[in-house]
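Take a look at the following structure, please.
The first chain written gets the first letter, and so on, giving A, B, C and D; residue counts start at 1 in each chain.
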Amino acid sequence: MLDDLRAQVLEANLELVRRGLVLYTFGNVSGIDRKTGLVAIKPSGVPYESMQASHMVITDLDGKIVEGDLQPSSDLATHLLLYREFPSIGAVVHTHSEYATAWAQAGRSIPAYGTTHADYFYGPVPVTEELTADDIHGDYVHNTGLAIVRRFRDLDPDAVPGVLVAGHAPFCWGKDAEHAAHNAVVLESIARMAFYTATLNPECKGVSQALLDRHYFRKHGLNATYGQKR
Amino acid sequence: MLDDLRAQVLEANLELVRRGLVLYTFGNVSGIDRKTGLVAIKPSGVPYESMQASHMVITDLDGKIVEGDLQPSSDLATHLLLYREFPSIGAVVHTHSEYATAWAQAGRSIPAYGTTHADYFYGPVPVTEELTADDIHGDYVHNTGLAIVRRFRDLDPDAVPGVLVAGHAPFCWGKDAEHAAHNAVVLESIARMAFYTATLNPECKGVSQALLDRHYFRKHGLNATYGQKR
Amino acid sequence: MLDDLRAQVLEANLELVRRGLVLYTFGNVSGIDRKTGLVAIKPSGVPYESMQASHMVITDLDGKIVEGDLQPSSDLATHLLLYREFPSIGAVVHTHSEYATAWAQAGRSIPAYGTTHADYFYGPVPVTEELTADDIHGDYVHNTGLAIVRRFRDLDPDAVPGVLVAGHAPFCWGKDAEHAAHNAVVLESIARMAFYTATLNPECKGVSQALLDRHYFRKHGLNATYGQKR
Amino acid sequence: MLDDLRAQVLEANLELVRRGLVLYTFGNVSGIDRKTGLVAIKPSGVPYESMQASHMVITDLDGKIVEGDLQPSSDLATHLLLYREFPSIGAVVHTHSEYATAWAQAGRSIPAYGTTHADYFYGPVPVTEELTADDIHGDYVHNTGLAIVRRFRDLDPDAVPGVLVAGHAPFCWGKDAEHAAHNAVVLESIARMAFYTATLNPECKGVSQALLDRHYFRKHGLNATYGQKR
């Protein structure tokens, strides 16, 4: 069942390892099959070295396990909320990649300092508000998702495919698992360059609206010109 | 004698190499067999490339060599004191991993800036007081252990499995050699992210008590939910 | 056609990968055959893993594709302008290498802080002015080249083989693709060391004119003494 | 002739590559045979990948080439002066390793911030004065050596086996090529940790005299206790 989705989700998990974004069993990727509303997600605390597609856990959008013997990632409820609230996305990636996590810990959005950023994120990578004690004592993982959704009230998740959860770490997404993992890898590079930039020039204002538009729409939307025609 | 313990201690030493925590012959791991009170520890100044389980030196809790032809790690007396004072721990790891060492050199505890930290350390990673000239001229390695123990007078070594020795470097511990090495690797990642965080936001207050509780007890204690059921 | 040039351009592209200067499909190298005025350039958005010399696109100096089924790099127009304006150069390299990009994002030239810099760049690595909204809304990629050329009005591109485009990233060049890629790799190392230097000593004035002269002319020009006689 | 010395010098050069201290053809190692007063040094500008022991150039202490078809390293005269002035050393290593070079560029000595430093350097790693225009216009490479020697007027090169040349980069030495390269590798690690430490605590005073003594003499001199008895 959903063998292609499982394979894509496994592959995206392994891409995080290859790119140095995860340590030990940190991080998780899920993907959704929009026709059936079923989600495939990495199991919790399983070593990447021995992970196989068959280990991916299949749940419905309420988190009920439909197939699989392992416990799903402990961040499942955040993934599910994002699928319900952002209907255009097909996959979610969560890592504790070190520079993006540092911005999240510092409680700072990552400004659009350059064209690398503008190629992927149409504006700053936003940081959520801190969760309240009530949020944390309650349904914490679900409430993490709510904090993300609140932060995106006036943002388009297709134009800004990632967020920093304050005091925690980044979540990214995309149309499928490969793109979501790609966004997570690029986010870490952007976060690293932004760290250096903010150190070199604390007053840096970042790219102009014109440059943001030019680079973002070069790679996205109907008039995109980057890459080979398909 | 104690072949399993030797093998675990060797493996944990090699894990430090694989994770980039040690340079040349820096660093050392020991493990204790609580039934016999015997300790297996890395020999002093032996290259990791040629290290074998049979090279691990077996001593009693007073440091008397019970088995082995090599000199034990020069930090042995610190390890032994920790075993005597922290009865629940089964292994000790010492490295000069670069970011954790920098915090130790700077004389600063590592604040609990985020959930990665809270997953492993229930509060800041504390730094000891500086050793006095008398401490240093006397039984220095033993006195290093005493400085750690004094620092933990009001701390639980099971909830805070590591410390920074001021002007020196970190020590970590755990229930066995694998867990102690794992804690040392995660500490270095935490120290790195905390360095970036403190640079991005010098006023950062770190996680709330609620978030610290939530993450720590998600992975530790009777109500832990992370990973697979055993 | 131009098989040697294609092979050199491919090899220089792969050198960027080996040296960690590019992520995914970022970055591009071109080379020119001055006799025919034809340029070989990396195709747009093609993975480095499967890239072959035959994928290099051949264009004339106006950007007309002369040979090749793939779309050329989206930065082609910048490369072409540099070839037209800097007649001594034989290759152009563009990367988003992280430290050089951070200086570009910060809008700061890289000062000649030491002899490593002076061995390659006879003075600071300059940063362009920001492009105006008109520049960006117009023929953006061509205008990026114009901003570089304006910045070099009083500079010798042979003595300063690279530039930072403000808010974007570096471009480097050289007599052929190998040298241009070599300059890009060294620029990233220089940018990294300059970042550390500026942090350690914000008032650092950099090398004296005498030291700049000594090191630059040790490696360049008729009296160069570095390396083996040819 | 001097086959063992050539082999040791080659091996030390390759160790610099393995440890990430050199880029392209940067860096050089030499060793001296004190009986004959002959020096083996890396050739200038030869790729490390194809370097063989037979490529090492043999010179006398005045720099006259005694054996070898290649040009010696362009830094030869600095090495030779150090051999003449520091009679106890057996090898010299020069790199542009990035953190040590940044301290040299910043014109700052590296303070003894911790025990890792104290294990190798009995006090700060000193920085020379800047060379004057006359020094640079004259016999520059020799004068670089003179600046080092002047800086060591009140220092013991056996207790402080390295120096930062202001605006340039580090030189290290040791009893043989292996030890000199080892010191260069450790210096880079120390420089990196010192960079982090100075950022975390700009007022850091570093280790006490007692701690400096304890660590240095644990590894050096008649009462050394580190490692295995020989």
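Note that a contact is a pair of C-beta atoms (placed from the backbone, for glycine too) under 8 Å apart; a residue touches a chain by one contact, two chains touch by 3 or more.
This structure is a prediction, so every number in the text was calculated from the model and none was measured.
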Lowest number of touching-chain links that must be crossed from subunit B to subunit C: 2
Most distant chain from subunit B, judged by the mean position of its C-alpha atoms: C
Interface numbering overlap (same over half, different under half) for subunit C and subunit D: different
Between subunit A and its twin subunit C, rotation from the CA superposition, multiple of 5 degrees: 90
Separation of subunit A from subunit B, taking each centre as the mean of its C-alpha atoms, in whole Å: 33
Mean-CA-position distance for subunit D and subunit A (Å): 46
Shared-contact residues (touching 2 or more other chains) in subunit C: 199
Arrangement of touching chains [line / ring / star / complete / other]: ring
Chain pairs in mutual contact under the definition given at the outset: A-B, A-C, B-D, C-D
Complex interface listing, subunit A residues touching subunit C: 113-116, 182, 185-186, 189, 192-194, 196-197, 199-201, 204, 206-211, 213-214, 218, 225-229
Sites on subunit A touched by subunit B in the complex: 23-26, 43-46, 70-71, 74, 96, 98-99, 101-108, 130-131, 133, 136-137, 140, 167-169, 195, 198-199
